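Listed after this line are the structures, all set down as structure tokens.
What follows is a pair of complexes built around chain A, which joins chain B in one and chain C in the other.
For the complex of A and B:
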């Protein structure tokens, strides 16, 4: 019996190796890989990116591809885990990936950028927003960076005189949240804001915020800044309501998703302000089309992550076309390292008119940072209203 | 007044820990195993209430009854399928199996309900109690939680003292083999223990999600671990221990968060646990362990 199994396994292995060779030779499409969490606690982001990018790939392929080549797109799950993300990266490399669109969340991305840097693999991350991600010159971001959001939030609150006494509740176990908090505190001093309480929580104690809220209330906070994700925010809003605490709540892009959270009483989110690059109810043609196609295909309203991923794929397309205009034709046969060199140079020249860009579109600095400006919106009658 | 608010919050959180800890402690006392899937049974209970209330539009009381039924059946099935075949195996094998069941339940929930968190509407729809001219606001769910916790503990103690099945449990926990020789149906008793423990898990789940209203496939895991700590704290195997351990843990956690550091609240809780175990290795109410020869 054991012999039979071992023979079968050997045969399977030999066959799979042959299969691997086969696809190498027949390759006639551009291979773009994606990595992100499609299972686990942050699956909502990974799934949105996977779907948003798929939508862009389908559109581009239907319209004739990039410079005549179809895109082959494959997405691997990393469960928001750095080690699994590196494994996913290796899997995609074996598959023949030429360009990486990912990863979705910051922590795994920091691990993967080391690998792509060493391999000189061109990488566009739709949503990993830490500055640690773009240390290498081969990585470009579609989302704005964390420090940018913290500074911008404090400026917005100060310039519009929303409040003088500010409380913060943040997740000290999360780089995204603590990164924003740090910059916010720095900028708050310049804006004349008084931080009356800064309370943290960690991934292990993110269900009860009554203590943090009580401290903010006792300190007389007029505004509570929440640089955290919407799951925790939904509890904070509910608990604040139960204890009769009614300050202004101000948040960042992590709050995006609160209105589509199943069964959440959206009246609690009335008046919440947040910074976001994308609002699904914007009335420009591109957004409307994107939202309706997304809903039709995946049955969900797309969030900012889906929009960022959609823009990421179009950014790759624009960069490849720019490279071609500069004289470097990128074909399915081009090695990933050569692609990277050509696209790195092209990125600073392009201007992408994406879903998440402002009026002048998306532009990149050599550092990999995008020029995107966070926009402030306020929730009124259950929709985002620009401010 | 602020102190009182924090204290009440602590009691409320502690009561939930206590109800979960009862499940851990009963199963440990009788089957001598750590049922790490207990936290995930809680999560399944939450989803059962959530689905019956939001999808089937059933009233809260019926939904809770359904959840208790679902969890009770689930507890018995888990015991029959995963633990019973391992009754004679080493404790380590059973422990690993329990962890496996825990992951299995989480992943099934992920598959069926998806990873995005759902907002749980409190089943206690009574306005909060306002005392001292609005200075002290006590959410109604807190009051319900504390009362239910006391009722459950009292009921369990009476059940074990006064009924035949309760006495059988006591006998099995003392000595399984001897109990069998005396005519106690050991398998039946263990099943009953799992049924009660899992039913309690459903109640704990409903209260947990009513007080802290989000629901994900991982909702049960952290409270499960904290409640397990509470059970060890109070002396695993003892009902009083689970009750006192749960309440103490909740109060220490909230007080630590309020007056020492919101970031270190878990570290404080576990530091206290270590101190208690150094002084009393079997927990506050734990019986000293006699080595059997």
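For the complex of A and C:
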């Protein structure tokens, strides 16, 4: 009997799903989709991107849209999982997406890039930083790549003489973290830095770092390099403080978010240095306006993910306008594949004066890699201060 | 005596045919919908994962339902199957081998390697019973996942290079190509898993498990499950049959892994896809669908894989609703009161009663 009911339930479910996917009449707007983790361990990134992009979309729509067309924007959750990200991508395609702004994290992005490549869908990722992401010519990055971050970190430490003895604690099960670590070690040798300990942890053992810290301390490390996300960093900072270990902590953009983390004593993050393309306390007009609007709307100080997403949407706008100037008008009726061809060509010609671009703005190579310089900041009195 | 035997046999065969028929019907319906273009992209993208989880659920059901052993390591076997087959495919990519043949061989390689691991793990593990077995299989799954995360394999003119430290210590020649890159796993595996192949593999798995369960070996396996001492006393070789069941179960999970590896261009061993969470998820499919019912496993694997995607409309609440729906479905299917209620309101019984009335 229960089989019959199961079958009925299945049928009902299948039917309801089919009913939901009839082809809708396209409205008169450009459909931009976003993908990122809004639930799970990396939710803070997904949410920041979602909000940051929403802010840009609202601004653009209020100012009359992109060449007269309003933007319709929708964000889907991928739980930081490649399979779920592909599902999210397919959902957005059903919705009528023409351009993809995503995905937020690297690994799901590698899965999605493959699909957008096959569909010839134009994709701008705000924060997926691996070089695997930009293998296809339809994908462009707003953030700098992992190898770039690793190299730049080592150079920064070496050139500014921050330390000679360096310890590394990284997540060997994470693409982002091990990608940076690999390049950092390579570059450290050229910079004359001595790696006194390189200790890994994995996604399963990220609740206690006393062993790794003890090794770093015993090896006499003056600086601990943390190419990891802020959740683990917060534990490391807390434990280091408890054991009286006080080196310089140096991190990359994954550290961004630590100041808004709940149940973390932010005074422990004092003196932490990180490479980030965006500092919320910068005093240029655009950043000030962005930060205040973001705070007003979402009650948080925006991190660099929000800023990257904001820039991503403006990048799409600039590319569409450039394409129009080149003679390809992009309208809500244009097929996503045609949009992709037009925008691909336009991307290398534009220069976006975004939040994260610094003075020179954002420029792209044909490979999809962005040309911008990471900024080093230091946490002082609970805010980022440029160094 | 003979007549009842015949009848019983027929009932079993009929039951099997219904299961095959269900899979085929689903396949035909999907094909019709694909042809008429009425299937959403989301559903098209879900087709292969649905077959993957159905296959793994069939494999685990053999272990849990018939062997009576609780395994929490099936995601580990999936992982082994996925990595070994993707490794094979990557190695053969530039040899000019025919693609379909290569994929067929990849399926065989993945299945066999998973079977080998099932066999090796089975030897010590099946000496344990109940909870202990569950814990050891859990540990196995985690070990596999962690090994995959630190394994670096590259290939150049001189052959293969292995390392568990980092990519640089492989000392590869200039023309070297990374195959398994530690935590980054294997990238760029060609897409070869299709719904048709998935359904074919479901049918093959069903064929294998049905034949096993109905055979002399299958009866021995069930005898061990029901009463180990009695089975031993009639001369059944407990170790042999347990190993047989466990190895086949692992092999089927490996097949699912092969499909998984050839469905996404990125293959990494993460807690989300090959960790114990996934093992438990597969166990949930099996328990919800009914231990020992392969058809139930397929249905619940399909339902539970689709559910979170169908609930996307609820945005942030979907994972919450998903959990609530899961609890509701478990209660509906398995709470004694719910079973009683269903029996009272059974459509089948009503039809039967109606018939008997007519006869009267």
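By definition in this document, the second predicted complex is superposed on the first by the 360 of 387 C-alpha atoms of A that agree within 3 Å, B and C clash if a C-alpha of one lies under 4 Å from a C-alpha of the other, contacts with A are read in each partner's own complex, and residues count from 1 in each chain.
In this text, a residue touches a chain if its C-beta (ideal position, glycine included) is under 8 Å from a C-beta of that chain, and two chains touch if they have at least 3 such contacts.
Owing to the predicted nature of the structure, the values given are computational and were not obtained by experimental measurement.
In the superposed model, A:202 lies in contact with both chain B and chain C. When the two complexes are superposed, the chain touching more residues of chain A, out of chain B and chain C, is C.
When both complexes are overlaid on chain A, the residue A:178 reaches chain C alone and has no touch with chain B.
In the superposition on chain A, contact of A:116 is made with neither chain B nor chain C.
In the superposition on chain A, A:98 contacts neither chain B nor chain C. By the touch criterion defined above, A:79 reaches chain C but does not reach chain B. Of the two partner chains placed by superposition, A:287 touches none, neither chain B nor chain C. In the superposition on chain A, no contact is made by A:149 with either chain B or chain C.
With both structures placed on the common chain, the touch criterion links A:212 to chain B but leaves chain C unconnected.
When the two complexes are overlaid on their common chain A, residue A:315 makes contact with neither chain B nor chain C.
When the two complexes are superposed on chain A, the residues of chain A that touch both chain B and chain C are 39, 172, 200, 202, 204.
Partner chain A is touched in their complex by these residues of chain B: 2, 5-6, 9, 13, 50, 54, 110, 114-121, 128, 130, 134, 137, 139, 208, 211-214, 216, 218-219, 222-223, 253-254, 257-258, 261-263, 265-266. On chain C, the positions that touch chain A within their shared complex are 22, 33, 38-46, 49, 142, 146, 149-150, 166-168, 182-184, 187, 191, 264-266, 268-273, 275, 289-290, 293, 295-296, 299-300, 302-303, 306, 308-310, 312, 315-316, 318-319, 332-333, 339, 342-343, 346-349.
Chain contact summary for the complex, chain A toward chain B: residues 39-44, 47, 172, 199-202, 204-205, 207-208, 210-212, 214-215, 218, 231-232, 234-235, 238-239, 242-244, 257, 261-265.
Here chain A touches chain C in the complex through residues 1-7, 9-10, 13, 16-18, 20-21, 38-39, 76-77, 79-84, 86-91, 93-94, 107, 110-111, 113-115, 130, 132, 171-175, 177-179, 182, 185-186, 200, 202-204, going by the rule given at the top.
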